[in-house]
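You will see two complexes here that share chain A, one where it goes with chain B and one where it goes with chain C.
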Partner chain A sequence: MKRLLFVLLALAMVLPVFAAAEKDQAAEGPITLRVLNYADATTPAYAVEKEIWDTFRAQNPDIVLEYEELFDEAFHTKTEAYAAAGRLPDVMFMWPSGRSSTLYNRNLVKDLTPLMAPVKNEFVPIATSPGQFGILGQIPQSTTNTHVLYANLGLLKKLGLSEPKTYADLVAMVPAARAAGVEVVLIPAKSDWVMQSCLFSMVLGRIAGDEFINDVLAGKANFTDKPFVDSLAFIKRLYDDGVISRTALQIDYGEGPALFASEKSLFYIDGAWRVGEFITSPDSGVALIPPAKQQSDFKLMNFPVIPGEKNANSSSVIAGTGFGMNANIEAGSAKEAAAWRLISYLNSAEVLKKRLETGAFSNVTRIGVTASKMEPLQVMNAQLAPAKATYVVDGILDASVYGPINIGLQEMALGTATPEQVAQTTQKAFEEWEISN
Partner chain B sequence: MTQIQPMLKPKLSIGAIIARVLLVAILIGFTVMTIYPIIWLIINSFKTSKEFQMNRLGLPIAPTFINYPQAWKIGNFSMLFVNSIFYTGVATLAIVILSLSTSFAFAKIQSKATKPLYNSFVIGILLALESIMVPLFIMSIVTGVYDTRIGILIPYIGLGLPIGVYLGTEFIKSIPDALIESARLEGASYLRIFFSIILPMCIPVAMTLAILTVTSLWNEFMLVNILASRESLKSLPVGILKFSGSLASDYGKQFAALVIGMLPMLIFYLSFRKQIQRGLAAGAVKG
Partner chain C sequence: MRQLTGTLERKQAYLLLVLPAVMIYFAVIAFPTIFSIVLSVSNYQGGAVFGEKANWSLVGFKHYLRMFKDQYFWISFKNNIWIMLMSLFIQIPLGFVLAYTIFRKLIVGREFFQTVIYMPTIISVIVVAILWQSIFSPYGPVTSFMRMFIPGWENKLVSHPQLAIVPVLFVMVWYYTGMYLIIFLANLQKIDQQVIESAQIDGANEWQMLKAIILPALSGVIVTTAILAISGSLRSFGLIWAMTAGNPARRTSVLALYMYDNAFKGAPNFPLANAISTFMVTVSFVFIVIAKKIEKRFGGKE
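This part shows the complex of A and B:
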């Protein structure tokens, strides 16, 4: 026992030395890049994700990837720890705002504008323009409709209903849907961001428009003004009219696609990125909605006409996620070249085509990239073009301002706050944010 | 001739019978609450996500085993299993030995420093892991042990010591001083006394500590997620978290991954349940 104790203690003292030596050795070899990727292992696109990274490794033997892959809160916790310790990976998955705000606010990521300049014309403007934080911190791989109305036309037909053109048409469906034991519109709103990002942003764009948000940011309008209150009131009306059930607040985000595929509702609201959940999984060869049924029974559409809207058929669109680079990497260094080679590869036609085919994206920011192996829902998604793209609330406002909106949307559903109260809380949060900035 | 009277059970009053029935009902209720989620999880791991949404409580209509090999492959569980066994085994052994040796010193070798040192250990029980996460991460980078096995083991051992020292000290205090004094008179060193007298007598508390440590380390996620980047260093809970979370959508794979992670603990309990029950009872802190 004594010997064992001594061995353990000796090991504890010696192993860190080996660990350090191991790292020094790695530093002398090919260029090593530390990478943090965000990947959902449960999505059908996961197998292709692996393939994308393996291809880079095979094509670039002079670059060693210290690859780390996390998902959901594990990713965000780790990113925050990296940021707090000032030890960000060399290349990392990022959002254009929202969950990556810390990285932008603390200047931890490099402005990629100079590196992007030579290839600027190969991408749509949104991919090469500085974002909310004034820098091009990541190259968005796609633009995303954060609102899509997934319609089950087969179920509508079965109930003797037809495609809605106006909000009144949706309200008229409530009795028939209730009699059949299904919801009219299902939205997995347990997480507060879903209602804001996937529905309210579109409603605000239709009723108030981007000009209103611009005016608020410029101090020319307030969140307590009529357009904002009316937008909130419309969300309340959806619940009051029974178009959305209050039980939506109990539905986990992950549950939504399977519930819709199981014909629990006539319509489903989510972002365009969710199409990937319905198509055939490369792993199992099984689809939540088989391609033939996608073609015959389903349709992707924009929300019908909303009372009082001024931007007909508009929808909320945001620059998508992408990869950014650690600000500490020296400009002009071999490491920067290697990191840029990786980011360029991740934005190459080869990779973006694969992402289109898996349904991870409905479109890509690189001009001229199309995919042939697409299932009907993917094709519908790619063709779904709103008449006008409007802001996504969490893409344009600070977290301290959109936070109260997210909470308020849930409070209205529960009947614990009125649209006016939510508007006042938002205005207060905005004024506090203005003072602190 | 004396007649032997058969032993008669005392007749229970109606109140006692009702109390007993209620007690049994409550115990059955608790048992169901504990066992049912496990059974539910196992049953649903044999369903596709779609079937799960249609039929959440019933048995699978068309049982599928595909979730298991897929979860195993995608999660790279072979490697994660080995890592989990390594971290749990080494850290548990180290925590038990280091806790008991420290406890021996605190309980039987008194000095002025004993109380403050003991308190400095025990206060660790109150520390929330979240509150020390970032400092630990920074320390791990500064000392060069970030993303190494030893960098994961040291915090595991360090964080396991407070409860170990607390349990060990209270237990060793109950061992008569006379035993140690006699050994000292015979010329035995403290190290000899620890290994020859104290450690064998501490088997019950060592079992308790080992059980507590094994279960908490096997399920530990936060530290290994923060202190390791390389996939080859991560443990089972990190693999499982690839499948579960509020954004995950393939419930079949998620449940299969959870069963894979839970199974070793279930086997551990079923194999050692007698020792675990004995250990938990015997290792209870003596006042």
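This part shows the complex of A and C:
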């Protein structure tokens, strides 16, 4: 018995040595990259997403991907957890600001400017310029309208209504819509970021403009000033006038496109990236809105004229998402080369063309990339150009400042806060942020 | 086998046997709890905790002050209290009544009811949350049903500031009552059948048996279920997160969700999140002590 125990103990001591030797050998072999991707497995374009990553694996046998993908809040939670634990992946999906601000503020991602330099001319300037945080933390793959008004012209016609030109036209539709049992404008606002990113940012741009935000950041204006309060008041008015129902607060972000496609509302508000939800699935061949119907009955447009607006037909636009690299990867190392090979592949004409075709993007930042097949909604999306691009609130303000705005927009819908109170809370949060920075 | 004779030898043997368990307890329970308390009075913002790269210091109780000043903390705490009260005064009594009804064979098809009531407990909490979210959705079956009687009825069940938590409480009753049913049923079956039969022969009615035999015999189990209900109420997270995400405007939030929001959403504030967690542990501890005191004062003997 004692001898057996001795042998087991000896083996336990020796085995790790062999394991370490094996590990050293592996270090000379394929390079392992930990990757965190943002993907919705329920979207029609998911088959293409899978194909994109499978192609990379097949073309690069010397790189092993420890791949992880998440969607919506689960993705952000995991990213924050990784950042807090110091276990950030090697390559990760990122926003140019907003939800990825922790990664920038704590210098957790690499400035990709030197790596991007040789291919700089192949991209539009926004994709190669340092962003809000002074570095090129990720390569934006597109620019995105965070506000699009999806209109069901077929349903409007059925109810004897016509395309709205002003906000008053929308208000005038409320009785007819109610009589028909549909909403005028549907927005899946259960998650608080949706109202801020997809509607309020556009409203703020129209009424206050980027100059106002610049003035606030420079200490020349306050969030309690009239332009900001008026912008908040307009959101409240949308609820009070019945243009948006308070039930919008119960609608999950994932539910929105299906509800709109099943004619629960005349209009639908979301980002331009949601076009991909309506078009034909490359996997199943089924579309939420068939191409012929897209052409005949639907239209993508900007929000009609808002009372008191100073920037007519403007909309909130932001440099899109892309992939960044962990700052801990040593410069000039084989791992950096592997990570850059992956990022370059994800920004290649081949991949971006696929993303254009799935409707994930309405444009791409790589020059000369066009889609060979696009459905009517994708074409409309590509052609949707606001007269002026304005800030997206969570793209320009710190999370500790836009957080109270997000909740405040829901408070106003519930009737538990006035626009003035939300403005005061925002100003207070901004002052606290200023002190801590 | 050699006998342990000396006091020193016995102490060594005791330590050898106890030490692994103590070390595991320290690593898994005590250290994280103490560390969480330390973080709650620090300015830690992620990154290295120990070593040269560690960049944090103690800042006092300012995160606790901030927490107590935040209206969303009080909304979350109030919802926890509602959940706790609902667990104590609806789930447990309902679970007991159902278990007693089945035990005393007061209904036919006992196994069917037992299975049906317990069934929700074995379904994933996320599946349950999504299921009920769809049922309560403005475009779901509840709305369609109500519109059969009130045309044009607008479903604002989860968008009313004061009542938004009610559908969540309802789902919790539906989901967790089965667990208490099984606990009570298992313990009812341990009661000596002869005692009940003797009481019946002596002419005791159902209420007298319940009061004199069943409830005293189950007092310990009632306290156990109360402790489970209290700690479970304060830990509530998954169901609410998947069903409402704490919205609208945090009106359905609970402390665990409030902690999650501060730890992982927007601008992470780990010290504040740890202050919330310390508060939750303290409150849970206080309530459990109260439950134990009540049992000691009024409880019978099993």
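To be clear about the criterion, the second predicted complex is superposed on the first by the 408 of 437 C-alpha atoms of A that agree within 3 Å, B and C clash if a C-alpha of one lies under 4 Å from a C-alpha of the other, contacts with A are read in each partner's own complex, and residues count from 1 in each chain.
What we mean here is this: contacts are C-beta pairs under 8 Å (C-beta built on N, C-alpha and C of every residue); 3 or more make two chains touch, one makes a residue touch a chain.
Bear in mind that the values here come from a model prediction, so they are computed numbers and not experimental data.
Of the two partner chains, chain C is the only one that A:411 touches; chain B does not reach it.
By the document's definition of touching, both partners, chain B and chain C, reach A:73. Look at A:249: by the touch rule set out above, it reaches chain C but stays clear of chain B. Within the superposed three-chain model, A:354 lies out of touch with both chain B and chain C [touch as defined at top].
In the superposed pair of complexes, A:206 makes contact with neither chain B nor chain C. In the superposed model, A:400 lies in contact with chain C only, and not with chain B.
When the shared chain is aligned, no partner comes close enough to touch A:299: not chain B, not chain C. In the superposition on chain A, contact is made by A:286 with chain B only, not with chain C.
Put chain B and chain C next to each other and count what each touches on chain A; the higher total goes to B.
When the shared chain is aligned, no partner comes close enough to touch A:335: not chain B, not chain C. 73, 77, 81, 84, 190-191, 252, 255, 259, 264 are the residues of chain A that lie in the contact sets of both chain B and chain C, per the superposition on chain A.
Of all the residues in chain A, the ones that touch chain C in their complex are 73, 76-77, 80-81, 83-84, 86, 101-102, 106, 178, 181, 190-192, 245-247, 249-252, 255, 259, 264, 398-400, 402-403, 406-407, 410-411, 413-416. Note for the complex: chain C touches chain A at residues 45-48, 72, 133, 136-139, 152, 154-161, 244-245, 247-251, 260, 263-268, 270. Chain contact summary for the complex, chain A toward chain B: residues 1-2, 4-5, 8, 11-12, 15-16, 19-20, 22-23, 34, 36, 39-43, 46, 66-74, 77-78, 81, 84-85, 87, 89, 190-191, 252-259, 261-262, 264, 277, 283-284, 286, 288.
Partner chain A is touched in their complex by these residues of chain B: 48-50, 52-54, 66, 70, 74-75, 93-94, 97, 101, 133-134, 137-138, 141, 143-146, 148-151, 153-154, 191, 195, 199, 221-222, 225-226, 229-231, 238, 241-243, 245-251, 253-254.
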